[in-house]
Amino acid sequence: MNATAASSGAMRKSQPRVGLFVTCLVDIIRPSVGFAAVKLLEDAGCKVIVPSQTCCGQPAYNAGDRATAKALARQAIDAFEDCDYVVAPSGSCGGMLAKHYPGLFAGEPELAIRAERFAEKSYELVSFLVDVLGVEKVAARYDGTVAYHDSCAGLRELGVKAQPRRLLAGVEGLTLVELNEAETCCGFGGLFAAKYGELSNAIVSRKADDIRGAKADTVLAGDLGCLMNMAGKLQREGSAVVARHVAEVLAGMADGPAIGESQKEPRQ
Amino acid sequence: MNSREAVLAHIRRSLGVRGDEAPRTLEVETRLAQAPAGVVPNRGQGDASARLAIFKEEAERAQASIAEVASWTDAPAEVARFLRENNCPTTLRMGADARLHAMPWSATSLEILHGASDGRDLNAVSAAFAGIAETGTLALVSGADNPTTLNFLSDNHIVVLSRDAILADYESAFAKLRGAYGKGGAPRTLNFITGPSRSADIEQTLLLGAHGPRRLHIVIVG
Amino acid sequence: MTLIATTAKFKDNVHEALTDARLQGALGHARNFITRRAASAERLPEFEALRDSARAIKDHALAHLDLYLEAYERKVRESGGEVHYAQDADEARAIILDLCKSMGAKTVTKGKSMISEEIGLNQALEAAGIDAVETDLGEYIIQLRGETPSHIIAPAIHVTKEDVEREFRKAHRDLPPDRSLAEPEQLLGEARAVLRAKFLAADVGITGANFLIAETGTSIIVTNEGNGDLTQILPRAHIVIASIEKITPTLEDAAQLLRVLSRSATGQDASVYATLSTGPRRPDDPDGPSAYHVVILDNGRSSMLGGEFEDMLRCIRCGACMNHCPVYQAVGGHAYGWVYPGPMGAVLTPSLIGVAEGGQLPNASTLCGRCEEVCPVRIPLPKMMRHWREREFERRLSPAPLRYGLGFWAFFASRPALYRLSTDLAARAMHLIGRGKGRFSWAPFAGGWTRYRDLAAPQGATFQSQWRGRSGAVR
């Protein structure tokens, strides 16, 4: 499993070259998450590069369009060729890169090998910081009561569970509370949320109830899709609970508008 | 081609085999002959007194009640006591099991009935083939000695279990079974029974005495 | 109780389920299985190793299924039983009806059997003038209600006790109308007495089988009530109906599977009754059936062997996947529209009734993976749901808007420079439009989302355009 690859030669380099796989949602909807990821990686001693990139192919993959998924995977593998690591602020995109890319090229040995090597160097952001770079604490402050939602792919495909909690525990002023059902799906599921809106709503309603029940004022997660889903539901219900990407809080960049909120003042 | 041949042929076609390949046939024959054990939980392991302790703990967890008596001759008194304390009628049905017959039932005021049950018996007593410490389970085999109907038609089922018949695990029970019925053999019915009958089908409320016995009382002898 | 699948109407079924307040209340009960399973797994250090062992046994049995079936048959015949093969549901029904008619059966008792649901057995028996009585309490309740099971372990989980009382009063007319049936104990007591009479009157008993053991020619049923036992030992004949993948090589293999079955299903270390039956009564037996018949059903399973969905044949019908599934938890089992609900139903149904009919089910999943996490035999359920989606895409069965939307996205995503330019323009535009609130209550093509949730507006220029602006780095 990638998370325990402490033997990677790149770690012994003074400054690992980390390719930021920014992800479509972060790129288009909430770039501040990308900048938070850059800060965290640079603070931990990485040289961050951002190759020209598009989509990891997961929407196509999950919709059964393998051909498109393969084409986009090849593109991504090419774009990040000369990075020591590929890091995404997302468990679901991270899981696509690290767990599903090799299988796309089963039966095509040359590409399969490249995909395998690519997968081995691909990580979700927070687990990369903790498990590979050995980050134990971040210098950040956040005054709030935070509930952390375990996004499904990050949790089940990549083992992201303890790492964000560990770093959040060290954030000054932050109180961490556990949801009753932190590991239960929020109902996003990519295209599922739009395709099966009523069903998705039932699932996210439960999650919203859980968040309110935990008396959190903030919900964090490592996946923007989940966060937009939960934020959208909470806001439609008139809740004051805000949602942010965990990277924003860890990077000390949580001053701007939360997800789905408007600019109140020019950002500092 | 009849259905049997069609189904087997379809399976073979899907698996990409003819069915007569020697390596496959050998693998199957070997597994059937050797019956390898797999993962055996540690829970029921230990010497006789450890197994007894675990058996009792697990059986009680499943809502069986347990009593221990020193010898087979003490069992009738215990059975009578159990029935009296639970306000049960004084009739008791049993099979032809010699160990049960040899007990001094006349010392109690119980009316003993013999043979399979027709559904009107409230109390029945059986002698167990074995006990399984791992899950507090009784193993009972069919036959004239302990008719299977006694296990299911009675309201109160009492099972007499010899202390040295308490085995660690299911695998040990199967070994004992093979000893009695031969390799590849089995009684017509082998019941593994863990506690009294129960259902949670009404709003997930756990209730005892669904269709089988409401009470299971285990008398451990020895 | 119908063979006709309503899986294509899944979204309608979902709507019905979500707006049914009684059902929503009752569905909370299924969540108890989650804590119980976790507790029993915790109590057993060997649990994970047992899951691996169970998986390996199933894989081995499937890889040698033809040979184990033949071995099983031989042993059944040796013990005085008979084996009948049915290629499909029609044939299975015909075989069972013939057996019942040849015995002049008027009343048949039934142990819980999902296979009998799959082949629509009860309807066929009733049509032939044979009274078929479900004896599992949950199955009895839904039989009275004219429903199908909504869960493979707890078929009446969607029913409240008030519902049960109403049905019992309607059905048990001989009993005093002023009797109290408010409490579950009273309902159970009544069911016990009513069904006891049926058990004793039955001519034929029909059960399923959790496992069929090749080594000894034995069928295993697992119950907590003991109804399966009364069904199979009291009547003159016992008919077992089971599908081909129930074949298990040895007694020891069965023990491995039983250990993970009860824990995964209800959190019990052992179900109350695990019964091994081998053939009809022996000369020495004072009770038991005089005839023992096993009907082995294919109905599409042999086609699954050697293919993408082979792993699904490992399923031991524990129900853990549906207990843990957020979709099942939201809508219950009937919404799935056929016999098998939850994740296992989503994967199995298209194999049995075709992807055109059953294809909605594997799409209605977030692929959260919790099912695979708890499956005792480690079936990769999300992967197989994706395989179904691939099959549908290949055959152009996916809805047109989805295919066009994906095609549109793919066009841009395969052209990085165009992608960066257009996403930047779109993001800036959407940001301006949504700047006031920072979110939209409505967006085109996103009705399924915005009907229930707000949709966050983009922050402005995309990350990549800002990054290029900052560092000037171009690749």
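To keep things simple, chains are lettered A, B and C as they appear, and every chain counts its residues starting from 1.
To be clear about the criterion, contacts are C-beta pairs under 8 Å (C-beta built on N, C-alpha and C of every residue); 3 or more make two chains touch, one makes a residue touch a chain.
In this text, all values refer to a predicted model and were calculated from it rather than measured experimentally.
Q: So that we know how the chains sit together, what is the shape of their touch graph: line, ring, star, complete or other?
A: Graph shape, chains as nodes and touching pairs as edges: a line.
Q: Farthest chain from chain A, comparing Cα centres?
A: In terms of C-alpha centroids, the chain at the greatest distance from chain A is B.
Q: Measuring centre to centre with CA averages, how many angstrom lie between chain A and chain C?
A: Once rounded, the distance between the two centres reads 33 Å.
Q: Let me have the rounded angstrom distance from the C-alpha centre of chain A over to the C-alpha centre of chain B, please.
A: 53
Q: Could you tell me the distance, in whole angstrom, between the mean C-alpha positions of chain B and chain C?
A: Using C-alpha averages as centres, the distance is 29 Å.
Q: Under the stated contact criterion, what part of chain C meets chain A in this complex?
A: Where chain C meets chain A, its residues are 11, 14-15, 18, 326-327, 329-331, 363-370, 372-373, 386, 388-394, 398, 402, 406, 409-410, 412-417, 419-420, 423, 426-427, 434-439, 441, 445-449, 451-464, 466-467, 473-475.
Q: Residues of chain C touching chain B in their complex?
A: For this pair, the touching residues of chain C are 26, 29, 32, 44-46, 49-50, 53, 57, 60, 63-71, 75, 79, 84-87, 91, 135-138, 141, 154-157, 160-161, 164, 184-185, 187-188, 191-192, 195-196, 199-200, 214-218, 224-227, 229-230, 233-234, 244, 249-253, 255-256, 258-259, 266, 269-282, 284-288, 296, 298, 302-307.
Q: Help me check something: in the complex, which residues belonging to chain B touch chain C?
A: These residues of chain B touch chain C: 2-4, 6-8, 10-17, 19, 24-25, 27-28, 31-32, 35-43, 58, 61-62, 95, 115-119, 134-137, 142-144, 147-149, 151-153, 169-171, 174, 177, 184-205, 207, 209-213.
Q: In the complex, go through chain A and note every residue touching chain C.
A: Against chain C, the touching part of chain A is residues 22, 24, 26-32, 34-35, 49-55, 57, 59-66, 68, 71-72, 75, 79, 152-153, 156-157, 183-185, 187-204, 206, 228-229, 231-233, 235-236, 257, 259-263.
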